[in-house]
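In order of appearance the chains are A, B, C and D, and numbering begins at 1 in each one.
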Amino acid sequence: MRSIGRTRWAIAEGYIPSHSHGPEPEMTSHETVCLLNATDQDAQVSITIFFSDREPEGPYAVRVPARRTRHVRFNDLSDPAPVPIGVDFASVIESDVPIVVQHTRLDSRQAENALLSTIAFAGND
Amino acid sequence: MRSIGRTRWAIAEGYIPSHSHGPEPEMTSHETVCLLNATDQDAQVSITIFFSDREPEGPYAVRVPARRTRHVRFNDLSDPAPVPIGVDFASVIESDVPIVVQHTRLDSRQAENALLSTIAFAGND
Amino acid sequence: MRSIGRTRWAIAEGYIPSHSHGPEPEMTSHETVCLLNATDQDAQVSITIFFSDREPEGPYAVRVPARRTRHVRFNDLSDPAPVPIGVDFASVIESDVPIVVQHTRLDSRQAENALLSTIAFAGND
Amino acid sequence: MRSIGRTRWAIAEGYIPSHSHGPEPEMTSHETVCLLNATDQDAQVSITIFFSDREPEGPYAVRVPARRTRHVRFNDLSDPAPVPIGVDFASVIESDVPIVVQHTRLDSRQAENALLSTIAFAGND
């Protein structure tokens, strides 16, 4: 398949809700970055997290094999440091091959869950 | 009407919730790809589904007649194989004429439904 | 202000839920196209509605004065014909000056409302 | 880090719900513009608010330091004037360095919250 995507992406919104309702892990509140690598080469992806009141954290390294998708929960990132709960953040996603990036949140702080999603902003390669 | 759209699109997020509340089929949890063909020629659309742990499935063939829209539920795709429930996926959508692609989910796993939607990522033609 | 926007836009998703909960008109289920005209000239906007099983309807004429926004509910369009309830549709939005178009739905079919929104697809001018 | 983003953005949808459920300020209904400045220079951001029935208000001045994100609630803008509650608006966001802009709403008018989000429309620099 011809490749599709870009190598630099950004998500300006980020927030991991501090609590949840419903069965874990399916209904745990989470903030997700969905990565699609439709190329025939493995993608080495670097995520940098930006905050409102301190220097950026990262890069967080994520590998997405050729012809695979990975839906990464920010909640699960731990190296170099966990992403703090209940604070505003943003992220820049860089890859060595073209990928497609989408941002989704499941918020289950109240009894019924809420969802949001958007394709991330695609920068120039 | 002058045509509008692109011939290659991608959606990095995909997930068919495993259960539902409310009357079927209106309130059945579903993941939808909305296709708009505003041209005067029928569109032959091919959807390829990507997974986290195995090779892509497809192509799924969908025909969108000239000057028509089709809102395709991933739940309803069956040839060459149904899309599995409750697993992460992503998709690439290719058409022989320019189309517009939007991604929508209705999640009714809990008593009240949640919605998300985004225009898909438009690749270069 | 320097103008911002495009003259041709598309929304592939469209659906007016058939019923509602909560006080009208604030909580009536609705499908909205938000139009921003940041230019210094009035915009003459034409909306064409596409269906899955019949020829397009329209154009619906909407005027957006200079330096104004209009949030148009598809529910309120009546000339040349009301937009049917509970059926899939899509739309193309054309303007004689650059505008910005965003798509939002409030779904109050169940007791708690759900929301979706996305910037529409911007075609080439 | 190489910069990512644009200097001119627009959001056609805007609405601050008139009431809320749940603990403040976390669950107060709000309309947010998320700004990411991934450059090494402070960003001077100007937000102009457009209405349906009167001249635009603004500019509202927001500073986003180098390598920082700010999630600005329209509810909190006060100079030159508060953004009115319960009315339709739209916004144009201009910056002296490239930024990334995303629009999010939490609507808690009913007992369970609803969410929407989209990357804003990126104009030409």
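The criterion applied here is as follows: a contact is a pair of C-beta atoms (placed from the backbone, for glycine too) under 8 Å apart; a residue touches a chain by one contact, two chains touch by 3 or more.
Only a predicted model underlies this, so the values are computations on that prediction, with no experimental measurement involved.
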item: Copy pair chain A, chain D: interface residue numbering same or different (half cut); value: different
item: Degree value of the rotation bringing chain B onto chain D, based on Cα positions, nearest 5; value: 180
item: Averaged-CA centre spacing for the pair chain D and chain B, given as whole angstrom; value: 30
item: Inter-chain centre distance, chain C versus chain D - centres from mean C-alpha coordinates, in Å; value: 21
item: Shared-contact residues (touching 2 or more other chains) in chain C; value: 111-112, 114-119
item: Residues of chain A that touch chain B when the two form their complex; value: 1-2, 4-5, 22, 26-27, 32, 34-36, 38, 67-71, 99-102, 104, 111-119, 122
item: For the chain A and chain D complex, residues of the former touching the latter; value: 8-15, 48, 50-53, 55-56, 88-90, 92, 103, 105, 107, 109-112, 114-121, 123
